[in-house]
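Going in written order, the chains are labelled A, B, C, D and E, and every chain counts its residues from 1.
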Amino acid sequence: MSHLPFDPLLLAIAAPLALAVAIACGLPKRWSVRLAYAAFAAPALMALHAWWHFSAQPLDRGYAFLARYSTGLDGLGISLHLGLNGVSLPLFVLAGLVGLAAGLYALQSQAERLKLYLMLLLIMQGGLMGVFASVDVFFLYFFHELALIPTFIMVGLWGGRDRNYAAMKLTIYLTLGAMISLVGLIALYVKSGAHSFDLIALREHLAAHPLGEVVQGKIAGLLLVGLGVLVSLWPLHTWAPLGYGAAPSSAAMLHAGVLKKFGLYLLVQVAWPLLPAGLAHWAHPLAWLAVVGNVLVVGFITIAQRDLKQMLGYSSVMHMGYAFLGLATLSVAGVGGVVLLMVAHGLSVALLFLLATSVHKRTHTLALDEMGGLARHTPVLAAYFVAATFASVGLPGFANFWGELAIFAALWEFSPLVTALAVAGVILSAIYGLRAAARIFFGPASARLEKIAAEHPPADLAWAEKIPALVLLAALLLVGFWPKSVTVALNAELTRVAPTAPAASLSPR
Amino acid sequence: MGQILFTCFAAFTVVCAAGVVFNKNAVNAAMCLLLALVGVAGLFVQLDAYLLAFLLLLVYAGAVVALFLFIIMLLDVKGRHAVGFNKVAVFAGLAAFALLLTGLGTFVARGQLDTPHPSNVPAVGADLKDYAIQLFTTYLLPVQIMGFLLLAAMIGVIVLSKRWEGLDDIK
Amino acid sequence: MITAGLNEYLIISAVLFCIGFLGVLVRRNTLVIFMCLELMLIAGTLALVAFSRFNGTMDGNVFVFFILTVAAAEVAVGLAIIVALFRKRHTVQVDEFNSLKH
Amino acid sequence: MDATVTQTVVAPYLLLEPLGAAAIIAFFLRKRGNWAAAVSVLAAVLVCYRALKMAASGLRFEGGIGSPGGEWLRLGDFVVSLGVKYDDLAALMLCIVGIVGLCVHVFSLGYLKDDAAKARYFGGLSMFMFSMLGIVLADNLFMMFMFWELVGFSSWLLIGHWFEKQSASDAAKKAFIANRVGDFGFLLGIVMCWWINGTVNFAALAESHAFSTAIPLLLFCGAVGKSAQLPLQVWLPDAMEGPTPVSALIHAATMVAAGVFMLCRIEPLMVPDALTVILWTGVATALYAALCAVVQRDIKKVLAYSTLSQLGFMVAAFGLGSVTQKHGDHSHTYALGVGAAMFHLTTHAFFKALLFLGSGSVIHGCHHEQDIFKMGGLRTRMPWTFWTFTVGVLAIIGFPFIGGFFSKEAILLLAYEKSPVAFGLLAFTALLTSLYMVRLWKITFLGAPRSESAEHAHEGGVILVGPLLVLAGLALWLGRTEHFPAGFAGVLELVPDGHAPAVMAVGVSAMLIGAVVALLGYAPAATDSLAAKSPLVFGALVALRNAFDSVYDAYVAKVQQRAALLLNYLEYLFLAGAIVRGIAGAVGFVGMRTRALHTGNLGVYVYWFLLGLVLLWGFATGSLGF
Amino acid sequence: MNLDVVKLAAADNHWAAILPELLLGCLALALLAAEIILPKKWHEHIPTAAIGGVAGLLLSLFVQRDAAGGLACGLDLRWAGTHTFNGLLFHSANGQLLRAFFLLSALLVCVLARVSLARQRMPRIEFYHLVLIVTGAMMLLAQAAHFVLFFVALETVTIGLYVLVAYFRTSTASLEAGLKYLVMGALSSGLLLFGIALLYGAGGNPMLKAHTAGSMGFGALGAFLAANPHHFLASVGIVFVLAGLAFKIGAFPFQIWVPDVYQGAPTPVTAFLGVASKAAGFAALLTLAGGGGVFAAYDWLVTPVLTAMAAATILFGNLAALTQHNVKRLLGLSGVSHAGFLLLGVVASRTVPLATGAVYFYLFAYLLASFAVFGVMAHLAGPDDSQQTLDDYAGLARREPFLATVLAVGLGSLAGIPPLAGFLGKLFVFIAAFQSGARWLLALAAAAVAVSIYYYFGWVKAAFFDAPATGAASAVAADSGPSPARAPMSAALRVTLVLLALGSVVLGFFPGPLGGLLASP
C-alpha cells in the first residue's frame, strides 16, 4: 500500500523503542545521543510521510496503511493491527511532531542522567506512536500505558516541586482512570459479542448488532469516568496541575501534548461511533460538568495561579473542557472540532511547556510574581511565548481557533446556554494567558531579573531550543492557515462512521 | 450391650479430650490425650476396625504421646503458666465456645444421615488382607509418597535438631 | 458388635473436633495446642472409620493409615521446631512468639 | 465575468501582501529596522494603490478565496468559507484604510525613526493592515470574526509596543480583553445566526427572512467592544499608550470604525428593537465621551475621547436609520443610517487621522510631552502642524462646508426626524465637541510656551508633515458626498439628503457656542481654567470619567481576582484536600488498622480461622449467602 | 477379592505416566546419597547438579519422541485425558503445564537458594532435597483425582514446607515463622480432613441416590454431588475443604499467617511459598471448585463463598499492604491480593471457559514477576533477611541500576501495568470475570489495582527516587557489617534475573504459545 519497502507505522513505533532497548543494554552515551536524533526524527518523518500520502491511499473501511501482526492472541481477537484513518492520522502526526520537539529539546537540555532520560522519552515516544497507529483497542490501551509509565518515573526523577507527591498522585490517579476505562473496554468487548478488540471488527459487528441503550449507557459511563480522569474532566482533574507543575519539560510536553489526548481519542474513535446512545445518555451531565467545571471554575482558578507551570497545567485542564463539550454535541462538527482541538492544543501546550522551561532556565524561577521585563533580554523567546499564548487563547491563524470555533458552532444546537457559558470561557483564557505573558516578559524588569541580568544577562533563545519550538509553531500555523490539511480526511472519516441516528433526536432539547 | 459400650467409650473419649483442653498441666494434658486415644480406639473396635484401633494405640499412644511427654519433660515447662487467662482471652474463649456449640447444634440437627442397619453392610475394615491388597495396588502411589514424606520429615528434624559443624546454636 | 448408628459416631467425631478446635483457640502452651491439633485429626479419622463401616467401602479405612503417618510426621517436625525455638526463647507460650508482626 | 474572476484572484493578493510583509519582517528582518520599514511601507503603498485602482475600476464582485466556494473547512454540516465581497461599502472602506494606512506608515517612518524595535513596529502595522483588509473584504461573518480577532491581536501588539512601560503593557492587555468581552457576544451572535439562518454569508443573509432580535444585538456586542461603545469603552483611552501613529490608524480611523462597518454589513438582519438599543448606546457613548473629553490634559486622551464620541455618533446614526421595511409584497430598504454612519466614518477617518498625526507631530516636536498644559505657543514653532491641525479641528467641530459638517449634519437630520431626544443630546454633544476641541487647540497652540520642551518644539520634517498635508487636503475636500468618486454611490446615495434649516441652525449654533465658550473660557495657562472657575463641574466630570475605570478596577480586584482565589482555595481545600487527600488518608488509615491486625500472636491468629469457619458455616447452612 | 482384580489394579499403576515426578524423587535421593558418598570438597557442586537436573527435567517436558521416532518440541501430551493409578491421577494438558510451572519454580528456588544459603552456615544439600520432594508432591497434587492422593500429596508439600520455613534455625524469625506456619497448617489440615471425611461419607451413603463406592474419587464424587445438590453434610464437607485450600492460597480469612511466615522464612522459601505453594492450591481449587470441577453442582454454595472470599481477599491484601515497609511482608500481603484476583478467575471459571486459562496465565506471569523481585531481594539481603525494608532500597537505582530495573519490571508486572505480563494476566481474568457477570467484584478488583499502585510504586519510588539513607546505615548494611559482606552477583543469578525480566516484558505483548492456553480453554 505504501510505496516504502517497510511498514512506516511499525517503523515509527519500533525505532524509538529499539533505541530505548539499546540504551538499556548499555549503548554508550555518545552513540545514544547521536542515534536519538534519528530515533526521534523517524516517527516524525514517517508521520509526515503518512500524512502526505494519505489522500492517495486506497482506504479499507476508512483505514490506510493497514498491517496486521500476530502476537499469539488471535483467538481472543487481539493482534497488533496497525493503520491510520482520518481521525488517527492528524494525531499520529501530532505525536510525531511533538515527540520530535520534545526529543530535540531534551537533547539540548543537558539533563542529569541524560541516557536514562532519553531512554524513557523514547519509550514514551514509541508508545505514543503506537497509540494512534493501533486499530486494535487492546494495543491502543497497551501503548498508552507503555507511554504513561515513563511519565511517572520522569516526574519522580527529574520533577520539580513536590515531585514525590506529584509522581505518586499522578500514578495512582492515572492508573485508576486507566483501570476504569479498561473495565469499560472489557465491557464493550464482552457485550459486543464480536470477540475482538479490533476496532474495524467491532464497528462492523456493532453495525449489524447494535447494543441496547442501557448497556451503551453503562459502558459509556465507565469510559467517560475513566477517560475523564485521564483527560482531566472536572472534578477528576486535580492530578493535572500538580503533575504538570512538577514534570520535566519533555515529559510534560509529551504528556500534556499528546498522551492526554488518548482519552479523547478513545472517546472519538470508539465511544462515539459505537456507543452513540450511551454517549447521548451522558451528554448533558458531561456538558455541564465540562462547561461549569472545566471551563469556568478551572478558568477562574487558572487566573489565580502564581506558578507558570501550574498555570499551564490548569489552562490545559480548562481546554479539555472544550473538548468534552465538543464530544457532548455528538455531531460531526463537534467531534471534528474535538479532533482539531486535540491537535491544536497538543501543539500549543507542548510549545508552552517548552518555552516555560526556557523561561525558567533564564529566570531561575517559575513564580509569575517574581518575573517581569524578560522580553528586553530575550525578544525571540518572548515572541514565541506570545505566539503560543495567543494560539492557546484561540487566535485565528492558529490551529486552536478552528477547533474552538467548530465546537462552539456545534454546541449551539446542543444548548445555547452551554454555548454562552463556554464562549465566556474564552474571555478567561485571554485574561490569564495575556496576564502571564505580560508578567513574564513585559513591564519593567523585576528585582530578581535585575540581579540575574547584572551578573549574567539572560541569552535569547538558542537555535537548539528554537528548532523544536519552530517545529511546533509551524505546525500550529499550518493547520491554522490551512485547516483542510487535517479536516478533509477527518471529515470523510467522521461522516462515514457518524452514528446514523441524528444526535439531536437523542438529546432532549 | 453395644449401645452401652458405645456410650461409655464415647463419654470417656469426650471427657478425656476435654481434659486435654482444660488441664493446666501439660503432662496431665498429654495423659488425657492418651486416654482419649484409648477411647477412640475403643470406638474403632466397635466399628470393626481392629487393625486401625491397634495402630492408633501403637502409633499415637506409643509414639506420638510418648514423644510429647518426652519433650515436655525435656523442656520442663510446667509451672510457666503465669501468662494466660486475661479478660479478653476469656471472653474470646467463651465466644468461641458458644460458636462451636452452635455449630455443633446445627450439625446435630441437620447432619443426620439415613443409614442401613450395619448388619446389612459388610464390615470391610475387619479383614486384614483387604488393607494389604489396597495398599499394594490401588494405593501404592500414596504409600510411596508417604515414604518420601517420612524421609522429608526425618531430614527436617535432623536439620532442625542436629549439632552441625560450624553451627554453634545447639550446645 | 456394632450397635450405635452412624449419626452417633458422627456427633462424637464432631464433638471431638470442636473440643480440639477449642483447645487450639484457648490454650497458650504450644505443646498443648499441638495435642489439640492431634485431637482434631483423630476426630477426622473417627468420622472416616465410621463412614467406612456404614458405607461398606474400604477407602476410609485405608485413608486412616495415611493420616496416622502424616500426623506422626507432623508431630515430629513440629516438636523439632518447638524444641529449637525453646532453645532460643526459653518458652513455649505462643504469646511470646511475636517477633514477627505488623 | 472574466474580470470578476480575475479580481477574485487579485483580492487575495491584497491580503497576502501585508501578511507577507509581516511574515518576512517577523522571520527575517527582525534586526533590520530600516529594511523592515521599507518592506512594510511598500506593502502599504501596494494596498493603497490596489484599493484606489479597484475602486476606480468600478468593478464590484463576490467570490470565494482559494476555490469557487471558498470552502476553508468542512466538518459535517459546519462549513467555514473565506470569500471576498467587494461592493461599494467595501470599496469605500478599503480606500479609507489604504489611504490612512499609507499616511500613517509614512508618518511612522519619521515618528519612530530611532525606535529600537522598529522592525516589530512595522511588522505589527503590516499585520494590522492584513487583518483590517480581511474585515473589509470578508463576505461572511465567520471570516469577519477571524480578522476581527486578528485586528485585536495587532492592536495588542502595537499598543504594547513600548512594553517596558507597565502602563503600556497593561493597556494592551486591557484592550484585548475588553474586545474579547465584546467578541463573546459577537461569536455567539454569529453561531446563532448560523443556526437560525443557515448561513453567515452576507449576500445570503440579505435574502434571508428569519428575524430575531437576539442575533443583531449579540452581533452588536462585537461592535460595542471594537468600537468602544459604552460600557466597553474603557480600553480606548488607555490604548493611547501606543505610539501615536498607531492611535491614528487603529484607534481612530480604521479599526475602531470596524464596528460601525460591521453593523453596516449586517444591516439586513436588523429589527427595530435592536436598532433602538443601538441608537441609545451610540447616543450615550457620544455624550459621555464628550463630557469626559472636556477635562482631559493629555492631548491624545482628548482625541481618544473625541474618537469615542464620534464613534457614538456613527453608531447612533446607524441606530437611527437603518430600517428595513419588508411589508406585504412591496419591500424596500431604507438604509439611511448606513449612509449617514459610513459617511461620518469616512470624514472622521480622515480628520481624526489628521488630528492624531498632528498630535503626533506635536508630541514628537515637544520631545514626547503629552500634557497640553505644558505646551502652548506651538503656532509659531510648528506652523505646518498648526495649520493642518486647525483644519482637523474645524472639520471635527463641523465648521460649515468642510470635513465633518455634512456628515454630522446628516446624522442630526436623521435624528431630528426620528427622535427629538436623541437629536437634542447629539446636538449638545456637538456643542461639547466644539468646546473641547477648541480648548485643546487653543491651549496647545496659542499663548506662550509653558515648558522647556514646548520652548524647543520644532517641525519633524517632510516625512511627518507630508501625511498631514495629504490628510488635511482630504479632510477639507471630502466633506461633501458630491466630492466622492462615483464608485461609492452604493453607500453615499443612502446619505440622508436635504437640508432642514432648523437642523443646520442648531448644528451651527452648537458649534459656535462651544467654540466661543472655549475660546473665551480657557486661557492658555498651565492649569485648567474650568477647574479654577468651577471646581464642582470639573470634579463631577473627572468623577464621571473615572467612574467606569473604578468600576472595572473594582471588578477585577474585588470580584474576579477574589473569586479566582476563592475557587482556587476551595479546590485546594476540598477537592484536592478534603476529598482526594481525605480519601487517600482514609484508605491509608484503614490500611494501617488492617496492618495492625497482624498482631504476631498465634493465639489470636487461630481466631481468624474460627471466623472463617463461622462464615463458611453460615454459607453452608444457608444463613449467609445470596 | 480375587487375584485378577488385584492384578488389574496393579496394572493400572502406569509409572511411566509420572516419570517426571519419579525422576525428581530419584534426584532428591541422589542428592542425599551424593552428600554421603562424595568427598566434602565436591559438595559445593551438588546444588549445581540439582539445578541442572531440574532444568533437564523441565526441558524434557517439552521434548518428546514424535510418531516418526525423532524428537519434537511441545508439551508431552501422551497421557493427557487419561486416568492412571486406579483413578488417583488424572493427566491433562493443564496438568502438564503445571508440572512445568512447578519445575520452573523449583529451578528458580534453587537458584535463589544458592544465593541465600551462601550467607548461612546451614546444611545445604538437605534444602535442595526438600525442595525437590515438595516440588514432586506439588506436581502430583496438581494431577490428583482422588482425595487420598490429594491429601497425601498436600501433606507432603505442607510438611516439607514446615521444615523449609524453619530451615534457618539460627534465626528466631525463621523458627517462629515455621511454628506459625505449622500450627496454622495443621489446623487447616484438620479442617480439610474433616471435610474430606464428610464428603466421603455422604457420597458413599447407600441411602442416597447416585451414591458411589468410589466417593473418594473426584469423578464419582462429582456425579454424586450433581445428583444431590443440596445435601447438608456434603455442603459442610465442601466448605471445610475450601477452608483447607483457602489456607494454602492465603485467602481471607485464612490469610492471616501470610505476612509473618513470609517474613520469617528464608527468602527462597518465601518465594516458593508465594508462588509454587499458592499455585498448587489454585490448581487444586480449580480441580475441585473450578469450572466443571467436583463441586460444580454446588453452585449455590461455592460461587457465593468464593466470590465473598475473593472480594475480601483483594481488599484485605491491598489495604494491609498499603503502609507496609518490610518488603517480605509487603510481598506477602500483595500475594494475598493476587490470590484474590486469582480467586476472581476461579469464580469466573465456573461459568466461563476462558477463565481457567486466564488463571494459569496469571500464575505464569506472577511466577516471573515474583521471582524477579525475590531474586533482587535475595541478592540484597543480609544474613538475616527478615528485616529488609523499603528504606534499604533507597537509591538502589544509582548503586545497582541493573537490579533496580529488574525490580521495577517485576513490581510493574505484579501491579499489572502494561506492557508487562501481569497486565495480560489481569486483563484476561477481568474479561472472564465480566463474562461471568461478577461485575461488582470486577469493579472492586479494578479499584484495588489502583490502590495497589501505591505500594508497588512506593517501592519503585524508593529504589529510583529516594536518596540512599546516609549515616546510620540500613538494617541490611548493619547486619552485614562493612560493605564487602555482599558477594558480587553470580552470573547464574544475573542471567536468571535477565530472563525473568525479559519474560515479563515479552509475555506482556507477545504471549505467543502461552496465548494458546487462553484461546483454547
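Quick note on the criterion: a residue touches a chain if its C-beta (ideal position, glycine included) is under 8 Å from a C-beta of that chain, and two chains touch if they have at least 3 such contacts.
Everything quoted here is computed from the prediction, not taken from an experiment.
For the pair chain D and chain E, chains touching both partners: A, B, C. Shared contact partners of chain A and chain E comprise D. Steps from chain A to chain D, taking the shortest chain of touch contacts, total 1.
Chain centre most remote from that of chain C: D (centre = mean of CA atoms). Distance from chain B peaks, on a Cα-centroid basis, for D. Ranked by C-beta contact pairs, the top interface belongs to chains B-C. We define each chain's centre as the mean of its Cα atoms; on that basis chain B and chain C are separated by 5 Å. Spacing of chain C relative to chain E, judged by their CA centroids, is 26 angstrom. Centroids of chain B and chain E (each the mean of its C-alpha atoms) stand 30 Å apart. Per-chain Cα centroids separate chain C from chain D by 95 Å.
Residue positions of chain B with contacts to 2 or more other chains are 89, 92, 96, 100, 103, 107, 110-111, 113, 115-116, 121, 130, 138-139, 142, 146, 149, 152-153, 156, 160, 169. Touching two or more other chains at once are residues 6, 10, 20-21, 24-25, 28, 33-34, 45, 50, 54-57, 62, 66, 70, 73-74, 77, 81-82, 84, 88, 94-95, 97, 99-101 of chain C. Within chain A, the positions touching two or more other chains are listed as 172. Under the touch rule stated earlier, the contacting chain pairs are A-D, A-E, B-C, B-D, B-E, C-D, C-E, D-E. Chain C makes touch with chain B in their complex at residues 1-12, 14-16, 18-23, 25-29, 31-32, 34-36, 38-39, 42, 45-46, 49-50, 52-58, 61-62, 64-66, 68-77, 79-84, 86-88, 91-93, 95-96. Residues of chain E that touch chain A in their complex: 354, 405, 412, 417-419, 423, 427-428, 430-431, 434-435, 442-443, 446-447, 449-451, 453-454, 457-458, 460-461, 464-465, 509-516, 518-520. Residue ranges on chain D touching chain C, taken from their complex, read 595-596, 598-603, 606-607, 610, 613. Residue ranges on chain B touching chain E, taken from their complex, read 107, 110-111, 113-116, 121, 129-130, 133, 136-142, 145-146, 148-149, 151-153, 155-156, 158-160, 164, 166-167, 169.
Residue ranges on chain D touching chain A, taken from their complex, read 26, 30, 72-78, 80, 117, 120, 142, 145-147, 149-150, 153, 156, 160, 163-166, 168-170, 172-173, 176-177, 180-181, 183-184, 187-188, 191-192, 194-195, 560-561, 563-565, 567-568, 571, 575-576, 579-580, 584.
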